[in-house]
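A short write-up of the structure that comes next.
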Amino acid sequence: MLAYLIRRLALAAVTTWAITVVTFIILQLPPGDFVDAYVAQASALGTAISAAEATALRHAYGLDQSLWVQYFKWLNLVVHGQFGQSFEYGRPVTEVIGDRLWLTILLSIGAIIVTWGLALPIGIYSAVRQYSWGDTIFTFLGFVGLAVPNFLLALIVMYVGLRLLNMNVGGLFSADYQLAAWSWAKLWDLCKHLPVPILILALAGTAQLVRIMRANLLDELRRPYVVTARARGLSERRVILKYPVRAALNPFASTIGYLLPYTVSGSVIISVVLSLPTVGPLLLHSLLSQDMLLGSTIILMLGVLTVLGTLLSDLLLMWIDPRIRLGQLR
Amino acid sequence: MADPILQVRDLHTHFFADEGVVRAVDGVSFDLFPGRTLGIVGESGCGKSVTARSILRIVERPGRIVSGEILLRRQTGAVVDVARLPVDGPEVRAIRGGDIGLVFQEPMSALSAFHTIGNQLIEAVRLHARLNRKRARERAIELLAMAGIPRPADRIDAYSFELSGGLRQRVMIALALAGEPRVLIADEPTTALDVTTQAQILTLMRRLQQQRDLAVILITHDMGVIAEMADDVVVMYLGKEVEKGPVDAIFHAPRHPYTRSLLRSIPSVLARPRSRLATLSGSIPHPFARPGGCPFHPRCPDKLTGLCDTTVPAEVVIGEDHATACHLYTTQDAKVPA
Amino acid sequence: MPNLSRRTLLSALAASPAAGALLTSAAQAAGDLAASGLVGALQGPTMITDPAKFPTSFHEAPMLAERVKAGKLPPVDQRVPAEPMVWQPLDQIGTYGGTWRRAFTGPGDVENANRINASDKCFFWSADGSKIVPCIAKAYELSDDGKTYTMHLRKGMKWSDGAAFTADDFVFWFEDVYGNKEIVPTPIPDMQPKGKPGRIVKVDETTVRFEFDVPYFLFEEMMAGDTNIGGGQSVRQSQKFSYGAYSPGHYLKQFLPKYSSVEAVNARAKQEGFENWVQMLHFKKDWSLNPELPTLGPWKTVQPINNPVWLLERNPFYYAVDTAGNQLPYLDKVQLTLGENLEIINLRAMAGDYDEQERHIDLAKLPVLLDNQAKGNYKVHLDLGFAGADFLLQINQSFKADPEIRKWLTNADFRRALSLGIDRDQLNETFWLGVGTPGSVVPGESRPQNPGPEWRKKWSVLDIKQANQLLDKIGLTKKDAAGFRVRTDNGERLRIQIVAVQAFLPYPKLSEMVADQWQKIGIQADVRELERNLAMTRVRNNDTHIFIWNNGGTELLYLFPRHAIPVDPTEAYMGPLYAQYYASGGAQGDKPDDPNILRIWELFSEAASLKAEGRNHNAQEIWKILVDQQYGIGTVGQSPAGLGVRLVSNKLGNIAGQVCNAQHCRTPGNSHPETWYFKA
Amino acid sequence: MIVTDAESRVAVATQRQLIWWRFRKHRLALVSAVIVVGFYVIAIFADTLAYTEPFDTQAARSYIPPQPIHWFDADGHFHPTVYALKGRRDPRTFKLAYLPDPAEPRDLILFARGYEYRLLGLIPTEIHLLGVPDGRPQDALFLLGTDQMGRDVFSRLVLATRTSLSIGLVGVTLSLVLGVLLGGLSGLYGGWTDTVIQRVIEILRSIPTIPLWMGLAAAVPASWSPQQVYFAITLIISLIGWTELARVVRGRFLSLREEDFITAAELAGASRMRIIFKHMVPSFLSHIIAAVSLALPAMIISETTLSFLGLGLRPPAISWGVLLQDAQNLQTLGLAPWLLVVALPVIVVILAFNFLGDGLRDAADPYG
């Protein structure tokens, strides 16, 4: 069991390192650098940046160094828990990301909770009452949920909100609270804004998990231990909740690891559509303006979240599955 | 002989699938007596397991009991028709485990891997007896000991996958007896076990039957096990009973061509579903495509063309407690001693 | 098709082949746009220059009065300069208080509030954008030889931290910022006419002299325009720029090695999280990032731009008052809220979330914006620009990669044919909703540099027949099966590439429409939508055939010439190699062989040493050549497409009917937001 | 008892037939299969189904709402016609208003003349399924209205379908090759090959997909022609999409590796590749088909998302994502909501693929 834990931790570390490499490569792929993007932007605003100035800027930001040097400089910062300065914002990357990361996580976790909260009971219902009306309806809705790309859903919700309900569903705060320091009132304001994006974000995941839960549970329901449990005189509810649901939950735990990046990825794009102050729009923007340190830090953070999620789901699996705990299964 | 504890009368359990209706059990009747063992034998898919599940009312959708009676004499002496009880009602639940215990063929998958055997056993104990946790645990250990499990106090906290196949089957038996039932249905209890363990389990079952005056329904495709264990035998083919009678009569004077084929195929009748029987021509038809007339006629070496393939044979009594459903035998033949 | 602009006269109502869907609308007289009620009078507050009419006692905002009471601030008469700027507001004396809610798009959008704060320029423009008027400086004189420019500051004027604002701040900028090669590696053309560096000299506390070696009459315009030298502190010293003629020396000295040591400032930089002192200085002198920075504008940053809300608050030492002696601005705060994309900003604007917003408002949404006026409690104003082309096809004259393509791009008749092949009315109707003016590149007729009304139409109306004749004449006679003209060298289809970026208007879509129209003259155009910095890279590499931009700002040709003539290598879409040649005085790039370009250069460089009339004459001459040669094909302009759709809350007072919409007017800067107020 | 035909038929059914029957039982899947095939037919004959040249702009046709077909003439006879439109822009609201002109009806005819194109990319023709007699459908036929530039939405939608569906198909093919190859190697060889491939998959899946796309798509040189971008986008999408398929394949291989017939083939000296493609792949083809039909919608969503973000295909290319991006603005919501119609085929196709995939999976392996 300890060996398993160590193996998993080591794996997480290696994966994290690999992510730093991949991240760095991805961000170096587009042609040009931040100064190019900056010069282009300045031009659009009617200001000339001379070639000499561009060179000076490049030097000031270390963009004239080799990729290896830049990578290791960044890695060094990362290892020390720093992430450097955002070129564009002129602030430490961590500050720029600041609240946005927490809002992203809040949104994602909210979405995951909603996903699970809806998917589990619906999945159980659908499996137990396979081919019933309810199952058919949920199955259909589930597929619709899978079929509507969430940005499209966000667009539609925006449209409906605007045209029919006369409300703007974008953003996470009312104008009055944009600026305010954190307070209970602001938190409440945030809570009021959260449901729509969370539901949009949760929809696809919910649909998917309902499918998984239903399939898993259908598998489990066919297993002999269900028959024997029933034959022992347990009530149907007890039989199902104690045995097959428990077993069907097992592979579920392993989905956490992937649910998190999936949700976070989804949050990036719906945040762009709904103008949510999460890391999504920041990431998109940093990629376009080639704000290297900002972009790579965000991707790295999301990657690490994923690794943590995977680790978490491994640990959870270990905790809930005696076969793994007792070393029967790897 | 004492009154039967369980009487099954013309039981029909059908599965209603989109492709058609599967008559998994199509008219089965038998009596079961305390202290005696009834063997139900037949190839896979012949309906023997469905019969067992029908008795416990745990047939899964889309299957359901269409007609027939399952008369159970409960411990109170009252006789109830299990087939008429609400399927998940309290009475049926009390009967399951309380009056009738079930032992399943796959001890590995018949136990939850996520719960200790103690957890499952204690649950079963407390379901049918008002005991506190501590007493229930003691009772569970007793049960394990009774089922011949060494070091039961340690084993109670183990998971099923930590035990050997034989021990698992003993756990299953302990579990089946946790509610002190008087009827035990053992559905292929030894199929998954090696020969030595098989013998041990059968011995255990026989011992427990004697100790508790249990009525046992033993479901198997293994004629050897039947010969060793059963007092009475029902031979099933495609949901119908083709022959039934005392074990001696069946073994020494089998009448139905199918029974005869089965006996000829001893010892290797480990038939896989829909595969060829060693000595039987043809394979079991698809359940949706049951042949007309006598279900066995496509494979029957003695079939009477024009009769067997058009008319379902009625059951004919051909001896004391010995009956068969075959056109080869008429009521006249019945008088002919075997 | 008779889909004509609202401004097109009825004469254009010619019958047309009535095929299918007819847009019979549009023929409306020029007056109709005014009748829409969206275009008001070009107006603004009145500047009082007669000291006799100056107020004698001063008043201040309640917000500041409290601080004075608490002893944190000197009383108002000590904060207002002895020679204040005095405004008579447009409608009436306002009342203090309130927060102006507005939108911005992130740290790249500094210009958003730079323009609100544009009153930190030395000189500015009158409300109609035609005359130079005082700003932080009260007057200037140019010597008769045009070599000396003397500027007079306001006595007793102070920085936002209370320190005196004097001639020393100009000298500090000139010597310690502009003069430091690590900060400013290359001198700016603004400060070196004919390549000869100028100097800044302190005469006394309130008098600054700019000295040049050659006549430089143009400098008066440079100091008033949105130029590197005259743009003012907020725009020219934010975003890593280091221009703008003056700097708060008393504050910035601590970050310069000159006043301590390189080690000391670098150590401080490291401590504050910067890699070196230059990076730190770029941060410290940026008013949008550093709330501590002393400034001169009406508002100063209290929460920096790199937050979801960029918050500005009144400058307690602001130098302007109204005629009643109230220190301006009236509005306490400006709250700029981050909008992650333009759609969201327009959506919120419609909901009435902003009190005044002209930036990021999309002309294409005008009908929707009008629909929501009552609900959002705002009024829509259209501010028409002066520049000739909001959508300008700049044809690369120095293209070399493909001799065949070069041959045609540099052929005047080819360019004329392209221009004649564009149906400007279609573009106007589709993308300007008919409110633009179709025609050539020249600035509006009201502008002094306009060469005359006949130049609006020359080579710039749809004439497919003539276009085809021109193309046939120059030898592009052969066509392929699909009807496209083919190259003369290898018989393949002649393909002209249009590079367009997403900017003020949907340039890629406009280009697609043009490409579709050019089919009728047998020209195949491939539209490439590129990311802006990639497009710039391609321009620098002299890799584009036609690049799309606008010519906003060219109405004052000398202040912002780059989209009219190839002189500025920064954005030399008309010929990067030629622009390099001009800018480097012949050291780099290629010399054009087109005499017309050389003539333009001659007129252009001569103008710096000419007085106003001579300069305007030269500009007119240049415009005539440009129209005749069609280096840039103008399409539709003088429209509200850029910064010209203005939503103003009905609660705001002293709002102009029309605001000067031009680069040099720093829209909405020269309508002086400091005189706006919330009606009770 | 009477033997019905159905029963006896089942009795002799092959495995393949059983799959088909089980599949047929999924009515939704069956309907979906028809829809999917229908969409691909649309994709193949896109130019024939389109009636107006998709790049034909005209200010006088800006934002025309969808116009109905008038099926019956005044006498009640079946005589489908469409009307020409008269439009004007309101000088106060700046809105465009179009009025049909019943005085100028045009017959709606089948196999009409229109713009020139090459049928199946080969045969030059100008015959289109729908049109009007004068060969100028752009003046009167607006089944789904027009966009800002007066381009016909129906025609563009049909052509976008071709782009988006083919991206999905090409992308899935690439993913499939990668997935089968790497998943196969992983499952067949095991050991460190397996470990390495599994780690790569894990890392790829640890990077949130959207930034990964965004990074890779931003790296596509924007100077590339639309065709090159098209292939690059497809490649990018499949580069990420293969992991799931590889996982499925690996699992199958792991279980198959133990089967006797593989061992037999190995003993007989067959090469690895031969074993994979000759013996193993066929044995789980049905799973692959199911996995593919489930992967396809993901591909389509990917393209749509990327293009929507402005990182995928760009105009003048026409794809669902491009059209959606074009529709994502306030003026569309307020003035031309019909431009959002593109959402419909996206949803329908993805839905159909999901149902189809689900049905196939159930049919191939009811308990898997």
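Remarks
As written, the chains take the letters A, B, C and D, and residue 1 is the first residue of each chain.
Keep this in mind: a residue touches a chain if its C-beta (ideal position, glycine included) is under 8 Å from a C-beta of that chain, and two chains touch if they have at least 3 such contacts.
These numbers come from a predicted model, not from an experiment.
Counted by C-beta pairs in contact, the busier of C-D and A-B is C-D.
Here the chain at the heart of the shown protein, by mean C-alpha position, is A.
Work out the mean CA point of chain C and of chain D, and you get 45 Å between them. Chain centres here are Cα averages; for chain A and chain B they lie 53 Å apart.
Here the CA centre of chain A is 27 Å from the CA centre of chain D. Between chain B and chain C, the centres computed from C-alpha atoms are 92 Å apart.
Each of the following residues of chain D touches two or more other chains: 218, 221, 328, 333.
Within chain C, residues 347, 531, 534 each touch two or more of the remaining chains. Within chain B, no positions touching two or more other chains are listed. Listing the residues of chain D that touch chain C in their complex gives 55-62, 64, 84-89, 91-96, 98, 116, 136, 138-140, 148-150, 218, 221-223, 225, 310, 314-316, 328-331, 333-335. Contact residues of chain B toward chain A in the complex are 53, 56, 58, 61, 88, 93-98, 100-102, 104-106, 109-115, 120, 123-124, 127-128, 159, 161-162, 172, 175-176, 178-179. Across the complex, chain A meets chain D through its residues 11, 14-15, 18-19, 22-23, 26-27, 29-31, 143-144, 146-149, 151-152, 155-156, 158-159, 162-163, 211, 219, 222, 258, 261-262, 264-266, 268-269, 272-273, 283-284, 287-288, 295, 298-299, 302-303, 306-307, 310. Chain contact summary for the complex, chain C toward chain A: residues 101, 106-108, 111, 182, 184-186, 226, 228, 235, 239-241, 273-276, 278-279, 282-283, 286, 289, 303-304, 306, 308-309, 311, 335, 337-341, 344, 347-348, 351, 353, 503, 531-537, 553, 560, 568-571, 663. Chain A contributes residues 31-32, 36-53, 55-57, 60-62, 85-86, 88-92, 95-96, 162, 168, 170-171, 175, 178-179, 271-272, 275-277, 281, 285, 288-290 to its touches with chain C in the complex.
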